[in-house]
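Which chain is which? They are A, B, C and D, in the order written, and residues in each are numbered from 1.
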Amino acid sequence: MVNAAIIGASGYSGAELLRVLSSHPEVRVKKVTAASSAGQRVDALYPSFAGQCDLSYDELIPAGLDGIDVAFVALPSGEAMKVVPVLKAKIGKIIDLGGDFRLPSPELYEQYYRRPHTAPELLQGAVYGLPEINRHAIAAASLVANPGCYPTASILGLLPALKHGIINPGGIVINALSGVSGAGRSASVDMSFAELNENVRAYKIGTHQHIPEIESVLSGASGSPVTASFVPHLIPVTRGIYATSHAGLAVTVTGEELQTLYGEFYSSHPFIRITQKVPQLLSVTKTNYCDIAVTVEPRTNQLIVISVIDNLVKGAAGQAVQNMNLMFGLPETTGLK
Amino acid sequence: MVNAAIIGASGYSGAELLRVLSSHPEVRVKKVTAASSAGQRVDALYPSFAGQCDLSYDELIPAGLDGIDVAFVALPSGEAMKVVPVLKAKIGKIIDLGGDFRLPSPELYEQYYRRPHTAPELLQGAVYGLPEINRHAIAAASLVANPGCYPTASILGLLPALKHGIINPGGIVINALSGVSGAGRSASVDMSFAELNENVRAYKIGTHQHIPEIESVLSGASGSPVTASFVPHLIPVTRGIYATSHAGLAVTVTGEELQTLYGEFYSSHPFIRITQKVPQLLSVTKTNYCDIAVTVEPRTNQLIVISVIDNLVKGAAGQAVQNMNLMFGLPETTGLK
Amino acid sequence: MVNAAIIGASGYSGAELLRVLSSHPEVRVKKVTAASSAGQRVDALYPSFAGQCDLSYDELIPAGLDGIDVAFVALPSGEAMKVVPVLKAKIGKIIDLGGDFRLPSPELYEQYYRRPHTAPELLQGAVYGLPEINRHAIAAASLVANPGCYPTASILGLLPALKHGIINPGGIVINALSGVSGAGRSASVDMSFAELNENVRAYKIGTHQHIPEIESVLSGASGSPVTASFVPHLIPVTRGIYATSHAGLAVTVTGEELQTLYGEFYSSHPFIRITQKVPQLLSVTKTNYCDIAVTVEPRTNQLIVISVIDNLVKGAAGQAVQNMNLMFGLPETTGLK
Amino acid sequence: MVNAAIIGASGYSGAELLRVLSSHPEVRVKKVTAASSAGQRVDALYPSFAGQCDLSYDELIPAGLDGIDVAFVALPSGEAMKVVPVLKAKIGKIIDLGGDFRLPSPELYEQYYRRPHTAPELLQGAVYGLPEINRHAIAAASLVANPGCYPTASILGLLPALKHGIINPGGIVINALSGVSGAGRSASVDMSFAELNENVRAYKIGTHQHIPEIESVLSGASGSPVTASFVPHLIPVTRGIYATSHAGLAVTVTGEELQTLYGEFYSSHPFIRITQKVPQLLSVTKTNYCDIAVTVEPRTNQLIVISVIDNLVKGAAGQAVQNMNLMFGLPETTGLK
């Protein structure tokens, strides 16, 4: 039995982790912590946990972490790099759900996150926690950087074609739609119902912090220097990432051939489904699946990939548990199907 | 031409007033004011006004109110009673969209609004601005208390039956559903999209400040002491009040007879529509209509009334303009159809 | 291991049953059937099942029902009474999710369902499948009539107060809000997104077929003849029933006393949660819980009860599985938490 | 005063036309027609018209068209080409809101609409009704093909950059999100609330009938052969088109320079707003505006254009009225602001 702590458990990712872990047969959540909600019961913040979870939030870095086998850190980016060095001294395995340990260099971090990286020595050893790329490295890691929600969908959608040289690594266009829970649990007029309902808005065009994550991971995994123009949009749903990617075809190929290629590429990966029909968001809601469909458009010589996840599951908590399973030698799907 | 000012124009009611008044042929909005947004352009807060409104927010009580014929006060309850005494010295006609001048006594105000009333001398002279009851008094008023959104729908739905002795004045039950804009433009986790989408919650059961407004107006207009149990619910739509009222029948009557009675009662009131089919919220969205349907249930000896409005129009800005039309001798529907 | 069939599995209740049963450790779904979708794979209709369910729809009453221990019938009302007599000859335990076997007499059925009952001989032996009332009878039953979604929420909310004589059995008022999935999976303009989004509509006022179900079950369980005025409303959410009930107090009691009484009443029932805060729909979404809160309003001498469920789970598929657990001697919560 | 008929007025575009025209000071709608709803009152189908519109639907091609100055045809594509030849014999000016007269050749029509064109002789004379391109031709036209909703947003967003040689005409990528009303008023499971709420789905990838419309109009207006990959997505809002376009930069330019260029390009066009902030859907809802923002991304050497409209207004009924204004020598904005 794995004893787990969730550091920063009062936000949506933390609550989702608690939900996923509560039905995991091999895990016991021993501690949940939160800076501002310390002392409150979990079911006071999230009434859906009433009768199912008897925990209260501890202070952010509580005493009594002895016996904790794994810590999930679900803090805003910028907070995790303060906390992880402290936790590493006490806990053997750490999975950070934020952005602090995903990029290859502190310079790139500072450029996109607009603050200096305060734990650059940990960057090198952190393993990017996308099991479909890094399964073996994750299994051996002590610090896993759980991928961002947009990168998870985007990378999984483009990787097979890139790695097989089917598409050009430059000039990729990714348009992605995100449910509102991706912005976290926060008080702001911009995130209020009346401002988001019946509305759409793109944001952070050309500046989103997931751009270097997408580019660096795809470049590393495919061996070619990838550049991608990425436009995120907020739409009025609670959960989900719907990514539509365009890339120029480098070879002549049919949709059927590509579908086969994608199927083989992911044949040993239980959470990837290659679909014939265009994927829908609802098909993956509250699951750890990523649904992917490929279309070849001969008229424009483009590959169009749709890749879809639940931002709180495969894009956050579910993937973190998938990583934890690998780190503890459990079957990858334990507690996730 | 009527020169108008909107005091506190940065919230949803203020913005809706600006929208309604911008197509009113007899009004010019000369000033819009706001405490925290002073100095900003209106279209910076509300991009939909770009190209249509060139105003910027003045400080809350600006200099240069000479020549203003009417001030609409769209401040939170508790703020208006500080501001209206100042405005009254400068401007001849004032319409307050908040709750500060709607109740008959400072004691009742203090009980439900949980603060002392600081301008009790103005309470007496204020006219309750429901044109379907008080058309003539409104025309002569210098201070009009624009009704609340829930009371507008509830009172209009019950008044004809009460006034004709069709129903008992005690034991009335009103269940009402409100769109989220009714809670105003504010930063709070409770009002965030992720907390309201796919959700419903009742609130302030037995304590809502609209209870004494409904009871006192219905009692006054019908001549019988009305008591009503009122339960408001927040539902995931932006606009609208959907009120379902139950009252015990005092006489034997058919649905058809009541429908005729309601039709005659409101025959001279252009914004009331008595419908045969059960009303829908969408039928009144962005209009000043109140749609009402009556059902007699012989099995339980109850009258069931559905009454529906747009909370920002007939429940706020539209009704305020309807009142202004009456105060300036304009046709009641000017700028509202 | 229990071998199950779902008869009429192409609608939302049938699909939800499949979802719930797929994680039930003691059940194997061997057959799913559907009239119009026979021959299609389940994941063609519901892509979310891809990779998780390999079944295809059989014809409605398929051959090869040998070895089936329990049949769930998830057909529209009126269809089940044609099918259940056939199934009863082959399968020992049947749970009907529709309305055909819920009412005490064929006359009442004909009055509200507007068609004659064609299997009146089965009405008598059918057990009303609300475990919080009928746990023992359900355990022994061969035909269980799974309750309607509105009745489940309404009855659970009112029963403790009625049974203890706290409220008057006459003059009860129930207003209920339903998510759209309650209307089933069907092609109609009325159920289209553009007609329901940002909209509310009450329907079947005084004529809904759940009225006699609520009244007869409450009358039977409390021993007093209950009459209730019931108004259902469709609101723009996918899942959930939010029931707000008013009843006249027969005794003097405080809210705290009632909360204690409700807590004790349901102390052995694992899916009822008595909450101090007003319940929210989201707290019960995709769960088998019913959340209940009671408020005493001394001013009007009324009890106000809020009771909330997921219409597809506690209001349909989840409750059906809860019943099945009882019928097979399994712990009541198996597969449901 | 212009006397108008709406042929096929029972769908959403027809109803929106009626809504827009009912506040137009120079138009009287004399006839509304509909195939399947003939004989019904307009307010029976659309209760929001109660008290405002006393018309009933005539049969599709009614007698008594004498004196009609303009007919708006709001029929599904494929129906208009049967009806317009008949109408042309009786009515001097016709505006077709469907797709039958938008493409330059019957061959292209057959390829994308998958049926032969039955009135090819009218294709040549039809004027594409985008006032920002064809203002003078529209003023002189007897048959105007009102643009599609996606093409309106896409073309307006890309045209200035194309015409000035700022971007390459090949390799353009357009991702567009559409509100559900764009699919029309129809009974289908796919369009039901439960299937669209909390969901997203792309559709008709590479085959949508608006592709040749976008390409041929942009090619014609810019003088370069444009190819564009277009992916439409259905999202859970009722109204709106949100188009995000990517194009390779052909020259070195800054965002500020482009913003100035766009502002000048559209300086005489009252319904185009070039915005500095990223546009929101809600800013254009129920208006005839198209909001456009341009971003230059030097890292990828791409121009990113966001262009946003209300699909039922600037994308259908509003633009049709704008065209009608031009055809009758009225100020272009009459009845539209």
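Everything that follows uses one rule, which is that a contact is a pair of C-beta atoms (placed from the backbone, for glycine too) under 8 Å apart; a residue touches a chain by one contact, two chains touch by 3 or more.
Since the model is a prediction, treat every value here as computed from it, not as a measurement.
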Chain pair with the higher count of C-beta pairs in contact (A-D, B-D): A-D
Most distant chain from chain B, judged by the mean position of its C-alpha atoms: A
Averaged-CA centre spacing for the pair chain D and chain B, given as whole angstrom: 37
Intercentroid distance (Cα basis), chain D paired with chain A, Å: 39
Shared-contact residues (touching 2 or more other chains) in chain A: 195, 198, 236-238, 279-280, 282, 285
Chain B-touching residues of chain C, taken from the complex the two chains share: 171, 173, 175, 177, 195, 198-203, 205-206, 227-229, 231, 233, 235-240, 242, 244, 246, 248, 278-282, 285, 295, 297, 299-300, 302, 304, 306, 308
Residues on chain A engaged by chain C in the complex (per definition of touch): 47-48, 50-52, 198, 270, 273, 275, 277, 279-280, 282-287, 289, 291, 337
Touching residues (chain side chain A, partner chain B) in the complex: 12, 180-181, 185-189, 191-198, 236-238
